[in-house]
C-alpha cells in the first residue's frame, strides 16, 4: 500500500481508520466471475444443443456459480472487513513514455478485476437475480425454437455485465458496456421473424451507440488527461485535489460526456426511447435487463466515477445537469406509465421512472442512496417482470385489457406481484420504502447544502417536490396495473392457470428479497449497505443520514398512499367509475402521454428517416453524379480527344507508319522465298552463315 | 612432312562431305557424306596428335572414339532412314518438308 | 534460414514460382492446379508465420531478415528488402488471406471458369502484395505496387459482374466489369504516375545531401528527411505528388469512387483481396514513405488529411445507408473504415499510427470475411439486392450467424478486432502531435465518433434486411445449402483471427509498437 | 620449311600418292550417280585415310579404321541401300538439281578456302616432328588409364545406340496387329 493510497483510505473513513481486507485468496479468483459466463456463452453456442438440458443446465450452472461467489463476497464484505483488491493482467502497451512531449503518449491495455464494495454489490445482484431469472426462464422459454441460442445470449448478457462491473479501468468498462449492448440486441430481437422486434433491437442498439459516443469521448478525455485509464490512477489524481491538473481542466465536458454514456444505458430522458420498445424480447430478458443488468450500468458508471462528480474542482458542476435529467425522467416517464395498456410497458416506464430516482440521487451526491435504490429495485422489479411474465404465460396476451380477475386463478403470482408493487410504491417496511426514503432525504439535504454551481437550493427543493410527486404517480400506476390484472372480471380468451413451480419459486425468492433487503440500510439502525459499498479507493464523500427523517418519511408514505387511494377510486370499483375515468382523459395531455410526448416520432421523422432517406440518397447521388462525373468526364474527354488525334494520325502521321508496314510486308515476302521447308536448303544457309561468321572472326 | 598438308587434305575432305550433305537426295547418301566428314576430322586429330607429340596419345584415342561414335551414329541413322522408308515408301530427303506447314 | 534475405525473398517470390508451375500444368487437370496453388500459398504462409516467430520483437524498430543487393546499378536502385514491426503484421496478413482465397476458390469459380488463369492471377497478386510490404527501395516498391494492378484488372475484367449498367450523367451503358476494371486501372495508374514523379524528385535531390550519390533507399531518404534537409515548395510538391498516389489507393475521399465499382464488379475472391490487402498498400505507404521522408510536410498536411479522413467516414457511412446492393454497401463501408485509419495516421502520434496499423489488419480480416459472405450469398440467391433477401437466418443459420458476427466486428464491437483501430484513432485525435491544431482534431474526434453510430446503423439495417424476418415468397420452401466445407475452411480462420485480435491485441501491437515509437521519435523528434 | 625443302622430302611423295586418289574418291562419293559406287568410293577414301595414319605412325588407329569402317560400317551402308530399295541404275538423279548444287558448291568451296587460309596463316611451314610410331600398347595404356571415363561413356553410347537402333527399326508388334485388324474389320472409334 503506497502513501497516497493510505491517505485516501483515511479520507474514505472520514476520520476513522477502517481495517481493509484484501479479500484473501477469494479475491484473487474474482476474474472467474466475468470469464466463466463469457466462455460458457460460447460453449453453449457450440455444445448446448447436444447437452442434456439443451444449454439451460450450463447457463444456470454458470449463474449459480456467480451467485454463490457473489453472495460469499457480499457477506464477507458486509459483515467482515471491507474488501479492496485490484487484479491486473497486462495485455499491451501502446506508445512510449520516453517521448513524453505530451500527456497520454503511453496507453496500457489491461484486463483486470476490481473487488471493492461497489463491484461486490453488483456481483451479488447480478448473480442472485440472474440465477432466479435463469431458473424462471427454463419454464417460460420452454418449447422456444431457439431455446439453446437464447440461453447462450442470455449468458453473454450477464457475462457482459460482469465484465463491466469487474472492470478496473475505463477500457474494460467500455468492452463490457458494448458486450451488454450487443447481447441486449440479440435478446430483444430474439423473435426476429417479426420486423417490429428486430427494429426494436436496432433501436436499442443505436440509441445506446449514440450515448456511447459520449462514453468514448468522456473516457478518452479522462484517460488522456490522467495518462491512464485505471480507476485507481484517476482517483489518485482526484484525491490530490483540483487546481490546475489536466483532468480538472476537462472535467466539465468529460463529466457531461460520461453522463451522456450513462444516459444511454440507464435510459434517461431523452435517450429513454429504446427501453419500452425493448419489451419485444422475451419476458425473462426484460426482467434481467430492467433489474440487474444493462440499465443499472449507467448508474454504476456514475457510482464508479463518483468522486469525479463530487470533488471540488472536478465535474461537480455537472451535477445540476444530472439532477435535472433524472428529475425529468422520473416524472415524465412515470406519467406515460399511467396510460399504457401493455403490462410490460407499464413496468418498463416504471423502470424508467425509478432510474430517474437513482440518477437524481447520484446528482444530489447521495452515493449510497442511489446505489441502495438500484439494489432494492433490482429485486422488486425483477419480481414484477417475472410476475407479469407469469400472467402473460397464462393468458397469452400482453394487454391488460385481456386480463382481470386473475387473483383466483394464480394466487402465488398474485401475492408475489402485490408484494412487488407495494415495495415499488414504497410502502413501509418493504425494501422500496427504505431506499426511496433515503433518496428523498438526500435530495432534501442537497437542496439546503449545495452551492449554486452544483445546482443550488432552489433546484434541490424543486427536485424534492418532483420526487414526491413521482412517488404518488408510482403508487397510482401500480395500483392501476394490479387492479386491471388481478381484480374484476376476466376478459381474456385463453384459460388462465397458475404457472409451473420452476416459475413460481423464483417469484417467491424475489418477493422475500423485496421484503428483507431494505433492512440492510435502515437509517440510524443498520448501515451494512453503506459500509459495504462505501469501501473503495476514494471516498465518495457521501452524506448518509444518521437517523430517519420522520417528516420526509411520512410525506413520502402519504404520497404513496394517496396514489393508491386515487388508483383504487378510479380502477377498482367498476361501472360508476367509468365517468371518472373519462374525465381522466384530459384532452391535450392524454394524447401527449399516449404519443409519449412525440419524442419517438421526432426521432423517427426528424432524424432517422431523413438520414436514411434524403440525406443518404443525396450522398449517394453526389457520389454518382458529381464525383463520378468528374472521373467519367475525364475518361470520356480523353476518348473524345483521342478520336481527333486519331483522325490527324490517319492523315498525317500514318504515311510513315504505312511505309514501315509496307516495308515489313515486302521483306517478309522476300524472306518467304527461303522458307521452303527443305532441310537441305536450310542446311546450306546454316553452313553459309557459319562460314560468314568464322570469316568474320578471322578477318576482324 | 608439314602439318598443313594433312590439314588441307582434311579440309578438302570435309568440304566434300559438306557438299554431299547439301546436295544428295537420298538419305543414305547423306549419311555417307557425314562419314566422309568424320573421316576428315580423324585425319586432323591424328595429325595434330603427331604434331604435338602427345605422350597420352590423346588425338589418337579421340580418333578411336570418333570411330566408335560414328558407328553408333550410322546404326541409329540407318534405323531412322529405315523407319522413314517404311512410312513413306522412299528415303528421299526432298519429301521431308514438314518444316514448312 | 531467414539470413541474408533468403527467407523473405522466398516469401515474396514463392507465389510467383507457383504461378509458373500452375501455368505449366495442363488446363484439364484442375485438381492438380488447385493443389499446386494451395501448396505454394500454404508454404508461403507457413514461411511467413515462421518469420513472425523468428522475428526479434526486442528490436522491432530495425529492419530484419533483410537483403541489400545490386539491382539496377545505372540509377542506383537496389534490391533492398526487410521487415520491421510495422510491415510484419501486414506480410503475415497478406499471405494468410491468399491461402484463404485459394481455399475458398476450390468450389466457387466465377464465370467463365478457367481456374488455371484465376489461380495464376491470385499468386501473382500475392507476390505483388507481399513485395510491396517488404520493399525498402522506392523503385522496388513502385514495381511491386504496380504489379498488383494487372492481375486485379484481369480479375475484375474477366470474371467480373456481367450486368449492364448505365453511367450517370453520360447515359452510356456498358458492362459493369469492363467499366469497373478500366476505372480501377486508370484511376490507380493516374495516382501512381504522380507518385513516381515524387519518387524521382526525391532521388534527384537526394545526392546533394548524401555525398553526391543519388539514392532510392527508403532508409537513407528517411535519414535525410529526419535531418530536415528538404524544405519549402519542393517538399510541398513532392508530398502532394506522393499523397495523390497513396490516397487513390487507400482510398480517401474524394478519390474513392473507383472502389465501390471495383468491389461490386469483382469476383468474390477479387473483392476479398482488394479489400483485405490492396487498400493497405496506400495506408502502409503513408506510414513507411511519406511520414519519415517528409516529416515537416506531413505536419503541414496533417490537418488536411485528417479532415478528408473524417469527411470520408461520415460521407461513406451516409452513402452506405442509401445502398440497396449488399456488396456495394460493404464496399462503401471500407471507405469509412479506412477513414479511421487515415485519421490515426493524420494525428502523427505513436498511438494514432499504432491504431492505423491494427485498423488495417482488422479491416483486412473483417471486411475480407464480409466480402466472402456477400459473395457466397449472391452465389446462392443469385442477387445482391437486399430488398429481395430476408430471412437468411432461417434459410442458412450458420451463414447468417457468421454474417451477424462479422457485422458486429465491423461496427467496432469491443472484444472483436475492429474496436481497437476505431477507438484508438479517436483517442489519438484527442491529443495530436504538438503543433497540430488541437481544436480541429478534437472536433474531428467527435465527428468521427458520430460516424461509429452511422456505421452501426447501416450494418444493423443490413442485418435486418438480409438476416431477419421471414423468408420472402421468392425463397420460401427453397432448399439452400448452408456453409460448405470449403467456405468453412476459409472463414473459420478469419473468425478466429477477429476474436484473437480483439481479445488479445498484443498480437499486433507487440510487433508494431516499438517500430512506430521509433518512427515517430525519429520523424517528429518526440 | 620452305617449298623446296618440302619437295626434297621423300615421305611427301608417299603422302601425295595417297592423298590424290583419296581426294578423287571423296569427290566421287558425293558426286557419283550410282549408289553402290558411292559406297565403294567411300571405301577408297577411308582406306586412304588408314594409309595416312600408318604414314603418321599411328598403327592402331589405322587398323581400326580398316576393320571398323571398311569392314563393318560400309557393309551396314550396303544393307541400308538394299533395304531402302535405293535406285541402282545410272538413270536416276541422285543429287539435287543445279539450282541447289551451285549454292552448296559455293558454300563448301568457301568453307574449304576459309579453313585452308586459316591453317596456312596459323601453322605456315611447321613440321611434324620425327618420333617413333605409337605402339598399340601405349594407346591401350592411355585409354585405360587416362581416358577410361570417356571410354566407358562411349561404351554406354554404343549400348544406347544398339537399343535405340533396335527400337527404331523394329516393327511394333501392336502396330502389326493393328494393321491387321484395321485391314480386316472396321473398328468403331
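Think of it as A, B, C and D in the order they're written, each chain with its own count starting at 1.
By our rule, a contact is a pair of C-beta atoms (placed from the backbone, for glycine too) under 8 Å apart; a residue touches a chain by one contact, two chains touch by 3 or more.
All values reported here derive from a predicted model rather than from experimental measurement.
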Shared interface partners, meaning chains that touch subunit C and subunit D: A
Per-chain CA centroid nearest to the all-protein CA mean: C
Cα-centroid distance, subunit A relative to subunit D, in whole angstrom: 101
Approximate Å spacing (C-alpha centroids) for the pair subunit B, subunit D: 5
Rounded Å distance, subunit B centre to subunit C centre (Cα mean): 66
Distance from the mean Cα position of subunit B to that of subunit A, given in whole angstrom: 97
Junction residues of subunit D - those touching two or more other chains: 96, 100, 103-104, 107-108, 111
Shared-contact residues (touching 2 or more other chains) in subunit B: 18, 22-23, 94
Shared-contact residues (touching 2 or more other chains) in subunit A: 680, 684, 687
Touching chain combinations (by label order): A-B, A-C, A-D, B-D
Complex contact set, residues of subunit A against subunit D: 680-681, 684, 687-688, 690-691, 694-695, 698
List of subunit A residues in touch with subunit B within their complex: 675-680, 682-684, 687
Subunit B contact footprint on subunit D (complex, rising order): 1, 6, 9, 11-12, 15, 19, 22-23, 26-27, 29-30, 35, 38-39, 42, 45-46, 49, 52-53, 55-58, 60-61, 64-65, 68-69, 72-73, 76-77, 79-81, 83-86, 93-96, 100-101, 103-105, 107-109, 111-112, 115-116, 119-120, 123-129, 131, 134, 138-139, 142-143, 146-147, 150-151, 154, 157-158, 160-162, 164-166, 168-169, 171
Touching residues on subunit C, where the partner in the complex is subunit A: 167-170, 182-183, 186-187, 254, 257-258, 260, 315, 318-323, 349-351, 354, 391, 393-394, 408, 413-415, 419, 423-424, 426-427, 430-431, 434, 445-446, 449-450, 452-454, 456-457, 460-461, 464, 467-470, 504-506, 509-510, 513, 517, 520-521, 526
Interface residues, subunit A side, partner subunit C - complex: 91-96, 98-105, 107, 109, 171, 174-175, 177-179, 182, 185, 189, 192-195, 198-199, 201-202, 205-206, 209-210, 212-213, 216-217, 220-221, 223-224, 611-612, 615-617, 619-620, 623-625, 627-629, 631-633, 635-636
